[in-house]
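In what follows, chain A forms one complex with chain B and a second complex with chain C.
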Partner chain A sequence: MAIVDIFLLEALLNGVLLGGVLALLSLGLNLIFGVIDVVWICYAELIMLGMYGMYFLYTVYHAPIVAAAAVCIVAVAVLGVLLHVLVIAPLLGAAPINQLLATGGVLFFLQSAATVLFGIEFKNLGLRLPVLKVAGMFVSYSRLLAFAAALIGMVLVYLFLTRTYTGTAIRAIAQDRQIMPLMGVDSRRIYLITSALGGGLAGLAACLLVLQYDVHPFVGLSFGPITFLICVLGSLGNFVGGFVAAFVFAEIIALGGLYLDLEWGYVFAFAFFIVMMFVRPEGLMARRS
Partner chain B sequence: MTRSLRWLGAAALVGLPFVYTAPYPMHILIIILIWSFAYTSWSIMGRFGLVSLGHGGFMGIGAYVTALAWNYGHVSPWIGAPLGLLAGGLLAVVVAYPCFRFRIIGHYFALVTLALSGIVLQVITATRDYTGGSLGYTPERYKNGSSLYAVQFTGKTTWYLIALGVWALGLYIWHRVDRGMLRYALEAISEDEDGAAATGVHVTREKLKVTVLSAAMTALAGALYCQYQMFISPDTVSGIAVSLQMVFAVVVGGIYVPLGPTVGAVITIMLAEVLRVSFGTRAVGWDNLVYGILLVIFIIFLPKGILGSLLALRRARRGAAAGE
Partner chain C sequence: MLTLSSVRAGYGSFPALFDVSLEVRQGEAVGVIGPNGAGKTTLMRVVSGLLRPSGGTIVMEGVDLARTASHRIVELGIAHVPESRRLFPRMTVEDNLKMGGFTPAARPGFRQRLAVVYELFPRLAERREQLAGSMSGGEQQMCAIGRALMSEPKLLLLDEPSAGLAPVIVEQLFELVKRLRAGGLTVLIVEQNVQQVLRVVDRAYVLKTGRIRAAGAAAELLASGTIRDAYLGV
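Up next, the complex of A and B:
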């Protein structure tokens, strides 16, 4: 009985750590959706490119890991801006579903560009971080690091959004897209800053994920869909909701993985999502009006 | 003029396998016809703004139910495929009814259905003891290989005619929906749900009708694909990638015209095949590269798709000629 409990605790703990990473993943997407009202279906593919960036800078060109991470975050932020300028901006007035499909085209493009450029082999950093043993439970150090960085990233974004003038403008635009330009906010500039911020968060997520997972061109498909579901479950654009939903999802996956298979964990998470959509169509944290 | 041209085209398609039987081009044609049918099934609801990213799930259900019924229950695909259709339709009701009831529309609907195709893919992978998981699954061969009872044929001509028939059925259903009251109801709904409801349209029921129809047709496409290829894997008939592929081929071909999905299938499959044949393994990834760029360009500049834009251009020319 005691042994089962320790496994359960370990699964719960790993769920919390996974939740931190998922929360970080959903934060950038939530920001983009809340402000620009666009779903970047290719968000996970931006992360994939960031992971490749880390692999090449650190493992192939032997850059110091912190410098590599900084370069990656900036590079993915630039990609985010490019995505907005080239694909989203021409479609801002089109039906929302067209924007979703166009970023889907970018998804195909990025996946196959990575296949063509880097091949389909799995690559990893070749960096082995130790596994911590806490009270008989095994906790991966890289997960802990990812969890901590995710928390810090989220606090920084929160401070930026609430304490700075630009951040306030971003939140205001998210509330009312039509009125804010009349109030003297340059919505184009705000969109660019938001895209850069969203891209930067994807870059940060890439730096953390590459510590735990191998990178290959289709790696985005393994965590992209779950990220969208988390954002929807937490009410698209609602940061606190996304945060809570990320931990709920992560615990479902971790516990499902403990008692059955990892796939069943995902099945339960997806099924939970569909049921929750019926129970609370506006998401977990929707305010009752 | 166009009418006789249409009959001529149909006669040429039916007569083709009797004069030309090279196996590789026939195989490509069959694959194009099967996917065209699947894409047409998607577009039956997609053209009304009901963008589903769950059709990979329906297709996977059709394929796996047919194959599992044959291998484990020794049930002929003549019964297995309808079972698959039924299962696909039921799943559509279970997911879509609450969606429509609670007014989950637009990209929320797209994301809920995305979760659905994720579920189907993961369930197939997780029940690997029965379905073979990601390694794929093969229906057992019946005795000497060709049998009407087992719907297994070794000749490509038979398969070509079957696929052609099913494809034509898809186009027929498209036209029936296009000519019927369902179309007006759904167009009204896609413009304004409250307005449609106020004029007496039963919003939930009409949307559910077209969704179940579309899902069952997609399941049939899955069963057909399974019987022809005799090999299915979660990645080729199910899951999120297949769902996205359906949406994108239809958008490229033209979502509002009957032959649009077919044109989309021809373009995407031919692109992949030409690159594969001319560059071999060096071409891995290039087809999707071109495809992705095309898609973005199309949605920005030609949202009606290739065929849709061509037809609109022709109509505009004619209108100008008639005006003079």
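Up next, the complex of A and C:
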């Protein structure tokens, strides 16, 4: 009986660690949706590019890993800005479906471009991080590191959103975009900053995920759909909802993986999502209007 | 201070203002009254830049507002308290006030302005950490006016400030307008509450179906039959 409890605790702990990374992923997507009112369907493909960036900088060009991570975060932030300027901004006045299709197009464009440029082989950093044994439980160091970094990233974003004028404007614009000029806020500038922030979060996620997963042109499919579903489950655009939903999802995956296979964890998580769409279609943290 | 000459504006192909000319002088309180759908809110939106005019000129202290980016108009000293307040409902009172003082010019004086607003509205000081959307209508109106004052405006635009408020609160609100004026603020106020607003403003314009139908000193308008005519459409 005691042995089962240790496994259960280990699964719960791994769920929390996974939840931290999923929460980071959903925060980026939620920020973009909450502020700009557009879903970056290609969000996970930005992460894929960031992972390739890490691979080339660290494995091929032998840059120190922290420097490589810093470059990656900035580079993906720039990609976020480019995505906004080249694709989103011209379509801001268009129907939502057009914006969705356009970012969907960017998804396939990036996948194909990555296939052409990088090939379809799986690549990794070749790092072998140790597995820690804590109180009889096995916890991978890379997961722990990813969790800690994700948490720090989210705390920094929280401080930025609550302590600075620009951050306050980002929260305000998500609540009433029409009156922003009355506050003296240039919405276009806020959109650019938010796109850079969303891209930067994707870059950070890339640095953390590449510690645990191989990178290939279609790796975005492993993170994109689940990130989107987490955001929907937590009520799209609601930062706190996304945070909570990420941990709910992660625990379902971890516990499902404990009693069956890891793949079953995902089956349960997506089944849970579908059921929730019937029970609470407006999401876990829906606001009363 | 503010001069509108032959301003036209509308939404898409639907015109809402035809050839509106009016003037607000430094230190004055000016009212714009008229029935529902007369174009009063459109007039306010055109001044603050939320809506661009399709013709005519709007000049604030020598600056053409139609050629000024809408988010720069507040920097010229115009603060607009929009219809139905439009607070950020899920942000605290203090964050709402912070947004009011967003412009680079207003930031250094934030603490000082905040103290002024809290002195004017002690109720807001008590509720500084409360979500703006959870307050009563009167408190929200105070917060909306406080937010506008945070930018240290020269001209305050009030759009239907009394709408939806209890009579006691409405009375307090008009008292407040008097106090703000006494403090040197110029006020342009749009109201349906005709009798009360005419006791606060110096002059008023009667707007109907997008045109100025009458103008004059508040006392004269109150005494004459102009207003009744405007409302009854005679």
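Everything that follows uses one rule, which is that the second predicted complex is superposed on the first by the 286 of 289 C-alpha atoms of A that agree within 3 Å, B and C clash if a C-alpha of one lies under 4 Å from a C-alpha of the other, contacts with A are read in each partner's own complex, and residues count from 1 in each chain.
Simple rule for what comes next: contacts are C-beta pairs under 8 Å (C-beta built on N, C-alpha and C of every residue); 3 or more make two chains touch, one makes a residue touch a chain.
What you see is a predicted model; the values in this text were computed from it and never measured.
*Asks:* A:179 in the overlay: touching chain B, chain C, both, or neither? Say first, second, both or neither.
*Replies:* It touches chain C, and chain B stays clear.
*Asks:* Looking at the overlay, does A:64 come into contact with chain B only (first), chain C only (second), both, or neither?
*Replies:* neither
*Asks:* In the overlay, answer first, second, both or neither for which of chain B and chain C A:261 touches.
*Replies:* Once the two structures are laid over each other on A, A:261 reaches chain B alone.
*Asks:* Contacts for A:169 in the overlay, against chain B (first) and chain C (second): which applies, first, second, both or neither?
*Replies:* second
*Asks:* I'd like to know which partner A:274 touches here: chain B for first, chain C for second, both or neither.
*Replies:* first
*Asks:* On chain A, which partner's contacts cover more residues, chain B's or chain C's?
*Replies:* Of the two chains, more chain A residues are contacted by B.
*Asks:* A:90 contacts which: chain B (first), chain C (second), both, neither?
*Replies:* Only chain B; A:90 stays clear of chain C.
*Asks:* Considering only the defined contacts, which chain B positions touch chain A in the complex?
*Replies:* Contacts found on chain B: 49, 51, 95, 98-99, 102-104, 106-108, 110-112, 114-116, 118-119, 122-123, 125-126, 240-241, 244, 247-248, 251, 284-289, 291-296, 298-300, 303.
*Asks:* Tell me, which parts of chain C touch chain A in their complex?
*Replies:* 48-50, 69-75, 79-80, 82, 86, 88-91, 95, 98-100, 102-103, 106-107, 151
*Asks:* Using the touch rule from the top, collect the residues of chain A that touch chain C in their complex.
*Replies:* 165, 168-169, 171-172, 175-176, 178-187, 287
*Asks:* Would you mind writing out the residues of chain A in touch with chain B in their complex?
*Replies:* 39, 87, 90-91, 94-98, 100-102, 104-116, 120, 217, 221, 225, 228-229, 232, 260-261, 263-264, 266-267, 270-271, 273-274, 277-278, 281
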